[in-house]
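Take a look at the structures below.
Paired with subunit B in one complex and with subunit C in the other, subunit A is shared by the two complexes that follow.
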Partner chain A sequence: MSAADRARAVLTRLVEASAIERILISTAALVLSILIGTAIVLVAGRMTTCAATDAVYYLGTGFCYDPVVVFDRLFLGALGEPFSGNWSPDGQFAVTLRETTLLVFTGLSVAVAFRAGIFNIGTQGQMVVGAMATAVAVLWASSFVSGALGTVLLIPFGVLVGAVFGGLYGTLPGLLKAYADANEVITTIMLNFIATGVTLYLVSGPFKDPGSAANQTVPLPEFARFPSLLFGSRQDFSLVAFAIGILAIGGLYYVIEHTAFGYDVRTSGIQPEAAEYGGVDAAKTVVASLTLSGALGGVAGAMYVMMILGTFQTGLPSYGFDGITVSILAGNNPLGVGVAALLFGILKSGTTVVQFATDVPPQLVGVLRGLIILFVAMPEFFRLLGRRLSPSGPERNPVATDGGRREGETDE
Partner chain B sequence: MAAAGRERQMSEAGADAPVGSRLTDTVAAYSTRALAGGTTIAALFVLLVAGAIFPDSIAGTLADVLTSRNTLASALRLSVPIAFAALGGIFAEKSGVINIGLEGLLIISAFTAIYVTDLTGGIWIGFVGGVLASTLLAGLFAIVTIEFRADQIIAGLAVWLIALGLAPFASQVIYNGPNTPTVPTPDAISVPVLAELPFFGALFSASPSVYLLFLSVALSWYVFERTAFGRWIRASGENPKALDTAGVSVRGVRYAAVLLSGVLAGMGGSAFSLDLGQFTGNGPTMVNGKGFIAIVAYLFGNYNPVGAFLSTLLFAGLDAIQTVLQLRGIGIPRQLIRITPFVVVIVVLALVGRTQTPEAAGDHYESGEE
Partner chain C sequence: MDRRTFVKATGVAGIAGLAGCSGGPSGGSEESTETATEESGGDGETETTAAETTASGPAANIGMVYATGGLGDGSFNDQAQQGAIEAEEDLGISFNEAQPEQVSEFSTFQQQFAQSTDPVYDLICAIGFLQADAVTETAESYPDQDLMIVDSVVDAPNVASYTFKEHEGSYLAGLMASMLTTRDYSAGAGSTAGDSTNVGFVGGVESDLIRKFQAGFEAGVSEGDGDVDVLTNYVGGFNDVAGGREAATAMFNSGADIVYHAAGNTGTGVFQAAQEQGGFAIGVDRDQSITKPSYSDVILGSMVKRVDTAVYNAIESVVNDNFPGGSAVSLGLEAEGVALVYGDELGSEIPQDVQDEVASARDSIIAGDISVPSSVQ
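Showing the complex of A and B:
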């Protein structure tokens, strides 16, 4: 059996054994994070002060924050009050889908790199670069066209520009890793800081909107933005962008599972040695997958500019870091990214509802994000738990989240 | 680093890896370091000479800033969080657990130190509180990676993200804003006479945390080079099986090392915020990537505490210089000067490239008894 065949066999076994288990683990991680989140909300509610009438009482103890209200607002609020009787798609639900759209792209961006065994922490920076490039390029191009034709031409153009610049910014750590052996975790994190610094310079100087006090580019004309079909324009959500997101999920799934490039990516992630013996050009795969990853991050930036903000402003929300959670929660599977992105879209959109309805600080979602990652990273914990609950449960090899497994080394 | 380790493995997996190849690697790594170090010193020398000849040029301004006592003082101050975190990172990684969550440990201790100080009024109580918080979080990381075999990189990222959310969250709950109020800062300790020296005087008139750092660097070096515990840590990272065979618990050593990394990073984070008297939690918080720079610092310092301290001083020095240059203005926009430390980190990493990553770093070790 050739090394390539062996790698394929390993891959098939891993995928089959782990798909259901991963879903179970992700769900368990989510539930556990929410439980801990509840505890944090309760503790925080004890640490702050409020009027006695505002407090809720559990087991005779008063708390300033009510976790039930928090999670009720977080989930039901984000879905636009589905049980209230007058649900409309144009409310908070549109915001949820809008956030989901962006998280699909950043999630896919992280997933494609992780699948290749590369820790791309730089999706945030790649998104910032893509967003900046899109804002400037589309503004420039919008002077040549107008109206509906303008929209038809400018949307693909803007997305393309975002992808190209985000992709180039992803190529950089790829080259550094492939040819200078520089660890990508560090380089991509540094490149995030650099992207923030350079774009801050660009929007406070050369590309600054002279008519605005904020550090931002000149806003794009209405026809250069994503059209808000069916949904009202109030929530800055566009079905077109959402549809592109769905297409991207399907497209990336196809690329990873059914193309030669995807095969290289998967084998490099699982068995780099076997992949090389099997004829995979490791350096090329690293550069290509980081470029693709960066391009997807760049598209997220383009979407942010052309769908939500209409301009580039410093201090982009942390969709890139959320993409890490989305991807890890999805087991780095493109189809899973869709589900995880929706879930995280709910969390992000629900945060604003929570902010309106309660005094609980919005950073809570950031804590939940970290907890979810932590729990998903420790499948062994849930396996132990499962074994304890069902003593006859089959023993399985742990799923590797790390591409860096050594050859010939087993975990048991 | 897991990746670097993997590539090492690949290069050695083929045909009974000759000892020679490893030696060449070492020599190559050293010569790149020597080259990088030499270039830096040469560049500095040229700059100083040029500055002396043309005092009005950019070189002049730079040379002026470089030789200023204030620059050394602020470089030392900025070194504190990075160098402490780097020392912690060395202990953890040498034992075989890559702790990429140093940034999170710095954040959590920086906040807790201020909070406890504000609560109790005692700076040193606050310092201990910060160290405790960081050690607890490191303990969680240890349990997750050692007990439950979590992927070290992902768990480390989680530690960072948890702290990144938790500290501003707590600040918001307690102080109604991401920034804490200010607390009193510790007084500088001055050594008489020596503190009057022109440039090096900054070494002898500094915050207690700077002296604590000197002490910790020396102690860490001693522990690694001269004690049994230091040897165990190295063995746990290089050849855990041998350590196990020798009757020492690999798990125990790794727990100790990771907790120690929590203590050290906690000292860095606490000292950092207490020296400034405030915790600021906007965006990436006041820690702003120092934990990640610490990782590069110890890689560049080749896992040697003294080496890590010196490379920290290099990065912190750059940071100190860029802060001064932002104020003085040398024709380069402020926002671009600000990113120089990050650019230098990437350049250094590209030059150093493959480091002597401990053989078993990133891998879970299961003792045969279980």
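Showing the complex of A and C:
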């Protein structure tokens, strides 16, 4: 059996893996990545110097960084010490959920485009546009209302504005792809830069907060921000936003799996020619799915402004790009996005805990984070790849016609 | 090579490599040598020795929250860390550091320091003006926690604010540049032509803070010679070496001899352009003829901003129990908060009359005879 055949067999096996097998594979990948991460932490601990009192000892050798502490802080710290007995609602867990909420939206944004066979790298830009629009619009509207009524009116308004502007910004590459045949990977990447540049101009000029040295808009009044119910008030986390995120997951799952539009999206993603032959308007589907994708990105921006920062400031964190990884990790399944976003949220918030609790440099924690994500995502990635490369199952074997070649033969 | 041999070989090589690494515990620290000898016992013992060290106690526990550039930026954050390290040596404090990656992490880290009970942090140092909002929030939620912020003013009874009069230092840089560009002068790898009367300013991202540098520089230039023009360019980033190089090259090509930058790492590109075009550059934040030694033959001087002084002063006041909570200190030329230092290599070649003029301008600013504008006219 040649190497290529063996690789193809492995891919086929991956494609055929059942749900339980896939979960087992991912768990094994997680464990493996932690083991390799442990080795890296130990090696890095030998390559730096520290006081003997700060070191840990394994097998008679001293190491400057303790991998057990690092991974303990990374996971348990992010969950807010669930086993220590003093789990507090104001603890780190709120930060984890806050990050998760945003990643749910950016992850869904990428996933919905992916399902339609479109690689939307522009979620970041759509988020930036949505955030900017929300910050300006809500600030304008907040002068008309106030108090609890203001919150009830402004939150949906802000989310809607974010969705509309993010959606419009997603429509742009959609139209370009559908009617001008422009590659969406290129256009969405370029539109990211445009979004960053234009918002920088707007926020350092016309909409700048004169009272701040930073390039930001005037901060929103307290009532125009997501209310913190039950917990997380100090961590800028709101259960309301989280609940909207859960609803979005469920809603998108329903739309994709159980509606006519979802059917169009899925078939276009799997086999565009066949979809068109079956009566799907390909151009319309492309535009619609990119608009929906952009709207979800815009909502992430609105959440960032109304929940976390309370203002639009240049230099938004790269939730949009993280969304791509979240989506791949989830196999582009909306339900999976929730789980993948939670894993990502834990890793992001755990990083700050590790930094605070140990001397491990943040760059090294970044490496560990990347390793975990790489390992967990790779099986899914190869599954996607395998599905494209090696059609499996007896019913999908190519039928040999006159002039057709049987499997294994090549003419080159 | 079959798989088993490969695995075995990697294993052996890996273990040998690990053992060969020069680092590990007790490699660097001086004070821990005695503890190191009685160390070999194991985890339990490690903990007791650690406990003893804390029992004897640092004078104060300080939490440092850096700006998003992180440590190793060769200017702002490293300068702040310098202040903490000096305080550790002189005052016997101990400090813990956090390097946020994004703006939303500022408040997370500040709160982690404020909440911590083991140890209790006596002071949290927030470095950079972007932390202002987070400091306002933290100061409100934790009224008993002392905080200090650099580059911004937060009005709260438990916060000490430190800002700098960057325009004053930049004025001196402008004065020096203006006097040198109007004469035929050469030193190191650069030279100026007396008949061209241009100098340049390269900024990072356009903001009120960076405009203070520009305003002071322009005022200094026109004080030196009213006919000298200042070419200005904002590159749009603090870590865009190629952009800085392009901007500065364009300035040198259109007749500028000396380019001043307030652009963080983007300034490295300005130095590169100066070397290629045979011009001069003026550094910022730290003495860049020392921190960037490969460009010391074109760096006339640097406008240093003593963030370390601010951090050190704040820590010292906490140790001495006279923390100036609620105060806003603006460090200018007088308190050595900002200064123009001459380049390590070229400093001795700067004409005496220029040095005298700069020194007398410095005295006049301190005496209040010259008032330097802090915003661009």
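Criterion: the second predicted complex is superposed on the first by the 290 of 412 C-alpha atoms of A that agree within 3 Å, B and C clash if a C-alpha of one lies under 4 Å from a C-alpha of the other, contacts with A are read in each partner's own complex, and residues count from 1 in each chain.
The definition used in the following text is that a residue touches a chain if its C-beta (ideal position, glycine included) is under 8 Å from a C-beta of that chain, and two chains touch if they have at least 3 such contacts.
From a predicted model like this one, the values you see are computed outputs, not experimental measurements.
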item: Which of subunit B and subunit C A:55 touches, first, second, both or neither; value: second
item: First, second, both or neither for A:213, with subunit B first and subunit C second; value: second
item: Which of subunit B and subunit C A:283 touches, first, second, both or neither; value: neither
item: Of subunit C and subunit B, partner touching more subunit A residues; value: B
item: Which superposed partner A:317 touches (first subunit B, second subunit C, both, neither); value: second
item: First, second, both or neither for A:177, with subunit B first and subunit C second; value: first
item: First (subunit B), second (subunit C), both or neither touched by A:352; value: second
item: Partner chain(s) touched by A:148 [first = subunit B, second = subunit C, both, neither]; value: neither
item: Which superposed partner A:235 touches (first subunit B, second subunit C, both, neither); value: second
item: Contacts of A:47 with subunit B and subunit C, given as first, second, both or neither; value: both
item: Subunit B and subunit C footprints on subunit A, overlapping residues; value: 47-48, 200, 204, 315
item: Contacting residues of subunit A [partner subunit C, same complex]; value: 42-43, 45-57, 61-64, 95, 200, 204, 212-215, 219, 234-236, 308-311, 313, 315, 317, 349, 351-353, 355-356, 362
item: Subunit A - residues contacting subunit B, complex; value: 40, 44, 47-48, 117-119, 121, 176-177, 180-187, 189-191, 193-194, 197-198, 200-201, 204-205, 272-273, 276, 315, 321, 324-325, 328, 361, 363-371, 373-374, 376-378, 380-381, 384, 398, 400-404, 406-407, 409, 411-412
item: Subunit C residues within the subunit A interface of the complex; value: 18-19, 21-29, 31-32, 35-36, 39, 42-43, 46, 49-50, 53, 68, 70, 96, 98-105, 107-109, 111-113, 129-130, 132-133, 141, 151-152, 205-209, 236
item: Residues on subunit B engaged by subunit A in the complex (per definition of touch); value: 1-7, 9-10, 13, 100, 144, 148-155, 157-166, 168-170, 172-174, 178, 283, 288-289, 292, 295-296, 299, 333, 335-336, 338-339, 342-343, 345-346, 349-351, 353-354, 362-364, 366
